[in-house]
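My structure is below; once you've seen it, I'll send some questions.
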Amino acid sequence: MIERKQIRDTLSQYEGDVTIGVLCSHSALQILHGARLEGFETVGVCPKERKKTYSSFPRAKPDEFLIVEDFEEILDEKNQEKLLEKNTVIIPHGSFVEYVGAENILENFRVPIFGNRKSLKWEGSRKKQRKWLEKADVKMPKRYEDPSKIDGKVIVKFSGAKGGRGFFTANSEYDFEEKLEKRLNEGLIKEEDVENITIQEFAPGVRYYPHYFHSIFYRKGAEVGDGSLEILGMDRRIEPIDESYRGLPDVPLDFFDYTVTGNESLVVREKLLVELIDIGISIIEASTELFPPGITGPFCLETIYHPRRGFTAFEISGRIVAGTNLFPTGSPYSPYYFEEPMSTGRRIAREIKRGIEEERMYRVIY
Amino acid sequence: MIERKQIRDTLSQYEGDVTIGVLCSHSALQILHGARLEGFETVGVCPKERKKTYSSFPRAKPDEFLIVEDFEEILDEKNQEKLLEKNTVIIPHGSFVEYVGAENILENFRVPIFGNRKSLKWEGSRKKQRKWLEKADVKMPKRYEDPSKIDGKVIVKFSGAKGGRGFFTANSEYDFEEKLEKRLNEGLIKEEDVENITIQEFAPGVRYYPHYFHSIFYRKGAEVGDGSLEILGMDRRIEPIDESYRGLPDVPLDFFDYTVTGNESLVVREKLLVELIDIGISIIEASTELFPPGITGPFCLETIYHPRRGFTAFEISGRIVAGTNLFPTGSPYSPYYFEEPMSTGRRIAREIKRGIEEERMYRVIY
Amino acid sequence: MIERKQIRDTLSQYEGDVTIGVLCSHSALQILHGARLEGFETVGVCPKERKKTYSSFPRAKPDEFLIVEDFEEILDEKNQEKLLEKNTVIIPHGSFVEYVGAENILENFRVPIFGNRKSLKWEGSRKKQRKWLEKADVKMPKRYEDPSKIDGKVIVKFSGAKGGRGFFTANSEYDFEEKLEKRLNEGLIKEEDVENITIQEFAPGVRYYPHYFHSIFYRKGAEVGDGSLEILGMDRRIEPIDESYRGLPDVPLDFFDYTVTGNESLVVREKLLVELIDIGISIIEASTELFPPGITGPFCLETIYHPRRGFTAFEISGRIVAGTNLFPTGSPYSPYYFEEPMSTGRRIAREIKRGIEEERMYRVIY
């Protein structure tokens, strides 16, 4: 495990300008664009075949490329060395966690990363997520330990399967078994995925995914949430299931796919925004106890809202989410915090800048 | 009834700066943000438990809070006094109308409010809305006085029930009776809601909710609509029914809920925009006859468009709608009118400013 | 056929300022707004009854109107003369192609137009579109020459019917015949539409319509796509079928209508954006061979994405599309290319400006 002390030592040796680094995927354009706006040099860890594309954005291309065969190579000693030489701070995003792995990052990645490194571990497992959200007193869908207990509509998820593949709904144990077998036969999921199966109550309602940002730089005497928690945007993910009605009345099976393919923007009723802010504060407070000093920087809660049930959260992401890509120049919420067009990527860069200015970089980089 | 003369007297006594006031709900952040951009002092009428949240937006928090237990307290003599002392103009929005009540506002609220006070009464009842839209020659869904007359798919609404709760579709009298009883038994609606039942033809098509703004400051010699009507944005409301397809094939009953939970942005084909502007002009002209001098400031039409049926309007709001919250820095339409990022909230503040500059505040405040 | 030489001669006689002209429909507001921002005079070819409306946008109204009874009158000798006198360059859009006709434009319209005139012919027929996309190696839905070959879910389209009217899905030859007859009987389609019938594999997935812009002004030594291809935005079209779920469980037939009524914004996963850029480059390269010098300026690909099938393209538009109307001040992608708020309309004006500055207007105007 990379100790915090080691990162602090590294940071203290960063002389001259800090470089912001990112894997060329997920939300890299936004992060690079934001870093540039805040005056940082940037480096893009990039598969060879993507270099041309990432070069084609004059205002979002990295100043320098670190070319790799695949993203995991960022762990290679010589690549870590290169990044350290450039005083790099890596901004973790979904692809970073997915391709490099939370365990690998915590154990073997010596380059400083933005935000509490431990949050990657807590967001990386459904079990830990549940513990975190339960501690924050956030309502979650009921979970079934065993298919024989199914007593209503459920949604079945696999944490091994990438991004929603093979997920399905079922109404009974029999329905569950039948659909599971079908997916195994079709190769949509594998036997080992079944070991990481989650059977959850199907929560009807509308999906709202608020993009939070928790700044560690409180005003003196302020409490959590007292100006330190921002809602920088909100989105809804787009999955093949979202166009299933176009196949009515006989919806092709291929529509029953929950892989995230993109995002769209929306706003929530203002009184529900107030609730979401309260929920965000509880999540920060819970994280402070579970993995001190808790979550800092961006995080996102995946919720379903129903007028009679309120908010139900079914997932938490402890880093920037791809939904923020909707808002490279700000969202319907960011103008209430910032005069400038403020993306989450830019917000991260600004937090690092403040850390540098106040000589407290170690407060936001772990 | 608060007479117009009384408001004019009050306004004439407003010495020094005008304060823009709003209930901390609905579209308050947008209104406060816009007021600030136009240089106004602001006051937020705010339930105690929301104060912390509304304080957390550096660029949208009110300069001063008027703390209440519930919004109706704004009617209390001492609160009205405080608002009058601060030269307050209240911006009415959905929560103001809902929690304080159109009748109460017209009879007992002495503080000047933006826009024609009487429009709140006209938008407050389905019957009056229908009269207004019929006068404007806007197509509306057929209305059934009696369930025995149902001869096609209908949607059943209650004006007592908040924001869409208990609404349902039916295909026949039998279907209607059965579903109504079910909702009564489940407590979704109450016996008294049934007295305010509306049975409407179900209009298939796409929902478009244009956000109009009618400026009373015409150029000399200009007619209605001749530069005085703006379309500042457009939205679609998001209700649980909008995710019902995710429950296919056996959609849980909880999805059949029409409560508005949020909004999303869209644009309409340009030739339909032209039609919507014509419709807007008719609505203004009708309002001028029904409640002179008619609607001023923001209003919104809730429409369904179908290529073979054209636009059908099923509701009209005579004040700012929550869908404008999508556009704190402007919409896909506002740049055709304004160089600056222009929200409806800011547009309102600007109209008041113009009223002050031209010493004709009484033209926009009632 | 209007030869390129003739247009070059015309352009060489354009003395003084160029005027940007557009038919007052489709994406005219955006184009006029963009032209104004880049400093151009503008002319709007406008049906009489729309003049008042198009005059009501202070920042998007044309400097001058050319009033017509219907859009086809733009072909009248005296109207062409007027446009030539004003040094007009027409920006072609969907209504221009629809109401004037690609054939008419190529044969009889002497006024210079932005972009490769021949692209209008290639985008105007489903057959040519298919040839273009096949050459670019873009995956398309399987096509059935004969209803007897239907072996899965298909979508049936008519190129005569406007914008999606009468389209339907079918599962078998019998289903096809039955539904076709029904639509003929109802007058939704006509006998002659059946001659232009297309029976396509129904591709399940999520719709993404990227808005490309191909600039002909390459940096020296650069290849196609090497900074010359921009993705200025992305949208999804809104059709009555998109609200069909609201009619569940017994969806009224009127919902099965595919007429485009508007557009909404979205973003795609960043790794899919990379794929879309590669596809865009292939499309440009194919066009260079099919109709040299190929497509220049804006074009749009109508795609469906499915995690297991990748992108399938079912249509290509060789000019500005109405979906760009979402972004008069820029999209979630344009900030990665431009500091200023950049719409496709403005981008076109800027390209013309560059052509003028470099005295190579003939490279972008045909």
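Order as written gives the chain letters A, B and C; numbering starts at 1 within each chain.
Basically, a contact is a pair of C-beta atoms (placed from the backbone, for glycine too) under 8 Å apart; a residue touches a chain by one contact, two chains touch by 3 or more.
None of these values were measured; they are calculated from a predicted model.
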Open item on the list: If more than half of the interface residue numbers appear on both sides, call it same; otherwise different. Which is it for chain A and chain B?
Closed with: different
Task: Turning angle required so that chain B lies on chain C, C-alpha fit (0 to 180°, nearest 5) - done: 120
Open item on the list: Based only on mean CA positions, could you tell me how far chain A sits from chain B in angstrom?
Closed with: 36
Open item on the list: Give me the residue numbers in chain B that touch at least two other chains, ranges are fine.
Closed with: 242, 245, 264-265
TODO: Quick one: which bits of chain B touch chain C in the complex? Just the residue numbers, please.
DONE: 153, 169, 171, 202, 204-208, 225-227, 229-230, 241-242, 244-245, 251, 264-272, 274, 277-278, 305-309, 330, 332-333, 335-339
Task: chain C residues touching chain B - in the complex, by the definition given at the top - done: 25-29, 33, 50, 52-53, 55-60, 95, 163, 165, 238-240, 242-243, 245-250, 252, 254-255, 257, 259-265, 322, 325-329, 341
